[in-house]
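Below, chain A partners chain B and then partners chain C, in two separate complexes.
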Partner chain A sequence: MPAHLKYFLSRFLGALATIVVGSFLVFMVMKAAPGDPALTVLGDFATPETIVEFNKKHGLDNPLIIQYLDWFNGVIRFNFGQSLTISSGQDISDLLAYRLPNTITIGIYSIVIATLVSLVLGTAAALNRGKLTDTATTSFSILGVSMPDFWLGYMLILGLSINIGLFPAYGFISPFESISGSLHSGFLPALAIAAPMAAVFSRTLRASLVENLNRDHVIVAKSIGHSYKFIFLHHVFRNSIIPFVVVIGLQVRYLLGGVVIIEKIFGINGIGSLMVEAAFARDYFVVQACAVVFLATVLVINFIVDMICVLLDPRRAS
Partner chain B sequence: MNYKFLLKNHSALAGAVITLLFLLAIIFWPVISPWSSSAHDFLNVLKQPSFQHPFGTDSLGRDVATRVFEGAQVSLLISLSGVIIAMIIGVSIGLYAGYRGGYFDLIVMRVVDLFFGFPAFVLALFLMVALGFGVTNVSLAIMLVYFPIFARITRNTTEVVKNDHFVQAAMIMGQSTRRILCLEILPNISAPILVQASVAVAFGIVIESGLSFIGLGVQPPTASLGVIMADGQEYFRRAPWVMTLTGLVITALLLGLNLLGDGLRDLSDPRLKTRES
Partner chain C sequence: MKMLDVKGLNISFALDSSSINICSDVSFSLAQGKVLGLIGESGSGKTITCKAILDLLPENAEVEAKEISFKGQNLLGLNQKEFDAMRGTAMAMIFQDPVGSFNPVKTIGWHFLHAGKRRNLKQYGRGRIFDDAEAALKEVEIANPREALKKYPHQLSGGMLQRCLIALVLFLKPSLIVADEPTTNLDNLVERQIVDIFDKLRNKIDASFIFITHDMTIAEQISDEIAVMYAGQIVEHGNTADIIDNPHHPYTRALINTARELESDVDVLTEISGDITSGLGVHDKCRFGPRCPLHSAECDKPIELRNIGNHGQVRCIKAESFEGHV
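And then the complex of A and B:
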């Protein structure tokens, strides 16, 4: 078996094992959580009979392990059971299917903004080491990671929405309705999530560009007389792009975390705001479904990043 | 690690100064402030920042500056306690896993990978639902977010250091495992752990304020930074200063901690600095 195929396979199996164990832990922790789903739903009208009936209907009278297997059997088919309180009786998979595209749009939008900004800033800083541009970029990146993203969201609302009215402060137009509308209404939330990421990305890119600028093969290329542009693009930039991609993969964890609050602030109907609403309403089934979806998303993105890295540098597979 | 380094490294110096100033403000402001953080004053509701009230007043006429610095005490304590426990647990596990290797190492690292699969804030949010809201549980959530990070970094550095001659020598002399781990290895890997700790305290504050901001963390009347911001968010359009200034205080505090962490990193690994510049 070729090395890279073997590598993909082992990565894939690893991700699969993680989702099995992860969903098991999520399920068990949720079971141990204070509160009883039956009492949450039935409230003050609960009688011993209705509780037994409720538990029977949702399979909550089975042994834990059976409950888990039933649930997991559904999960792999994208069937998470039914919502308890926030949208009583509705299939959770419908809720997710409706909200997932919004979260994905905002996520990709912010990654694109962060990548574009950091490509410019990181390169500018690396080419002007020790000069004003470099100092400014480094300061920006430290400041960027120091601002809580949800506060930045409000500052953007204050500056660009309340005062000038350039962008809407609340609400999000689904990309299925209007692409330009969704790019416009999603700009502020995407920017709030992108700022700390852009900071980390540009720092990483600067560091690896600087490292590669001083490597032997670059000096040789210079002495041969290749143009500076050629050397930069083919010898420096290409080698610096891998750590950059790796960091994008690592930052996805924080990106998706930021999505949760930002969606809530900007009134975006996404998975993050769904999880917060479900947490308030004690809708245990929805909370655990969201947790598993987030886990799966991180694993899928990490898998993609791994593949891109191997394609960029086949040596990584062995 | 000595104080002379601080004078040479500007970012570490700036970070140390900012952090120190903040600690002083957090400790002493509520003491010297003429206002109480909880006394209502309905004649001075939502007043703009002035000499009397440097951060203005909130919807109940409370002095925002006093509340912010008292709230910072709460947030900092929550973050600090969470991170310290995470550090103790993570470093112990990581030391042992890195030193022993084998199945223990394998299992620990898979568990750590599992925690890394969850977005940090989602993990915290999930734990708040599982544990219930409140000060102690926010701290616990921060602990659970950070112990895998400490475990991983300790394990990886231990694995490198354990092959050094002085550790080999200690093994040959028959020192106990505990002695080797605590007296030989730990002092040599403490720098990256401390760097991680200063950054972790900063992000712990972000997690606390984020959770409390959406109402799933610290609950009023206890005022943490997140609770104050949640409060300010309700009348953001009429009195934007409450939210703006509270966030600025958080940003400045995090800036201090991050600069300090950055400087400590350069200190612990001088090669990094020369390679970068």
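And then the complex of A and C:
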């Protein structure tokens, strides 16, 4: 379909442009941050001579734009340079390759939990407007958005881990080692991130189900004699999924913010905790790499969401 | 044969603490193959009456009637499932807004395909259903039906969509078709074309029609009989020619005068002063009273619909004073 292809291309080029501009901003912000990489590494041994030598070795004596282009040239090859602090110069790409799967697992896990929970709650609320179920899910939603995720994380550890012992309080098993172990040890952190998202998702789904229930084509379908089940599935639910998917895509940004804190609380070796550790150690190159990975994640997910939406809603392509 | 018989239909809507009466004592019947023009201004209860017959009103509607029967079958006792079985294939409705009438994320063909299931055409497969759909689309003068079936609603104009909706209803072959102001949202030229399609169809197919409109000229062109509604009551009902040539109710008379003035291009149209809300929910006097030039103290009592002339009915105690002069 040419209309779809055109849409796909324009979105793809848009995403590419965003990564160029975004990575430039990340780079400039890191440059503007206080401190000096040379001092971080050399510490007490820093003399004017060693600093000049260090800067020369890492290309830090070049003009900013050249530094950026060098760095960006590496980024597109998944080469982020070396860490300043970890294992005296470990390749950052190795660090990312080891930690990224953990973060992706937790991220997808929490999206799946939030989506499943909100499908049930949102639909139940929409079908029982104004009744007890509706009020109950609304209250849950307000609770869900109001609870800070780090607080919820500690409460879950206290309740489900320390008191009952259902889930581990700390640590995460990589999905490459054991999938069931990964799902078990990742449940609490995923739930802590999922709760506020589920609240937003179910409110969105409820609102768009209610809106679509009152559409003219629903009455027309009824006047044709279609069953309630058919109308709900094909005229109401089918159309309500579109804004639902859009909101899931938008919440990914929030999810990444949650991951940074939750990984730290639950001791997960992911990108979020790596970024926090690097920031405390003033490891500029690692922080910079993590920021670009987050940026790319948001773009990739938004791109996927856009593609799903255009398949769900033909009006978007034209 | 009587296609539809409605007796003493009352409709109210329940609000939080009270309920508001919308239609009261609506009675009419419609013979097979006839077209009833249901006319009246916005808020007079035309649409609500027809939706009540097809059981399409929202949950807070309270519908009571002495009788609503379709081909002799009482509709009042039917449950949701039995009604689903009748809607579409026995009686169907064409709505005002053609753009909103189709699911925007599905093609026109999809709508026909699933409507085909209502006619148990599924066993014949897609090909046969689409052949039938194309025939129906040709009937409403769509030049390239095969292409139209592939289109999404947003790719077609309002006039095209209204034709598609009419075709969808024709495709279901119901014996009663309610057309609810099917031309209101269309421009004049397209309105003309759609009315002509209805005019052609009513002679061609065996169905009875209820054609809701607020345009007396359209009602005159396509209906065999006309029922005039005001503030939730039928105020006059009779053969089209009788109503047009010799209206008995002051409201009908005012409507016809306005239509005549429109046709003759006068500069200033005569307006019926006041508005319809003054008559809503009134039970103890004539609902048109506050706007009626003939209104007097005698009108302040419940007014019944009574027979007048050979076939007509009117809800006015002073109807005879119009006799002979229009």
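We take it that the second predicted complex is superposed on the first by the 315 of 318 C-alpha atoms of A that agree within 3 Å, B and C clash if a C-alpha of one lies under 4 Å from a C-alpha of the other, contacts with A are read in each partner's own complex, and residues count from 1 in each chain.
Quick note on the criterion: contacts are C-beta pairs under 8 Å (C-beta built on N, C-alpha and C of every residue); 3 or more make two chains touch, one makes a residue touch a chain.
Just so you know, these numbers come straight off a predicted model, no measurement behind them.
When both complexes are superposed on chain A, chain B and chain C sit side by side without a clash. By the touch criterion stated above, A:H235 is placed in contact with chain C alone, chain B being left untouched.
Of the two partner chains placed by superposition, A:G267 touches none, neither chain B nor chain C. Counting the residues of chain A touched by each of chain B and chain C gives the higher count for B. Of the two partner chains placed by the overlay, only chain C lies in contact with A:V220; chain B stays clear of it. After superposing the two complexes on chain A, the angle subtended at the C-alpha centre of chain A by the centres of chain B and chain C comes to 80 degrees, rounded to the nearest 10. Think of it this way: put the two complexes on top of each other by chain A, and the tightest Cα contact between chain B and chain C is 13 Å.
For chain A in complex with chain C, the touching residues are 215-217, 219-228, 230, 234-235, 238-239, 242, 312-315, 318. Those residues of chain B lying in contact with chain A across their complex are 11, 110, 113-114, 116-122, 125-132, 202, 206, 209-210, 213-216, 229, 233, 236-237, 240, 243-244, 246-247, 250-252, 254-255, 258-259, 262, 275-277.
Interface of chain C with chain A (complex): residues 54, 56, 80, 84-89, 92-93, 95, 97, 100-106, 114-115, 118, 152, 154-155, 165, 168, 172. Of all residues in chain A, only 18, 21-22, 25-26, 29-30, 32-34, 129-130, 142-143, 145-148, 150-152, 154-155, 157-158, 162, 207, 210-211, 252-261, 264, 272, 275-276, 279-280, 282, 284, 287, 290-291, 294-295, 298-299, 302 touch chain B in the complex they form.
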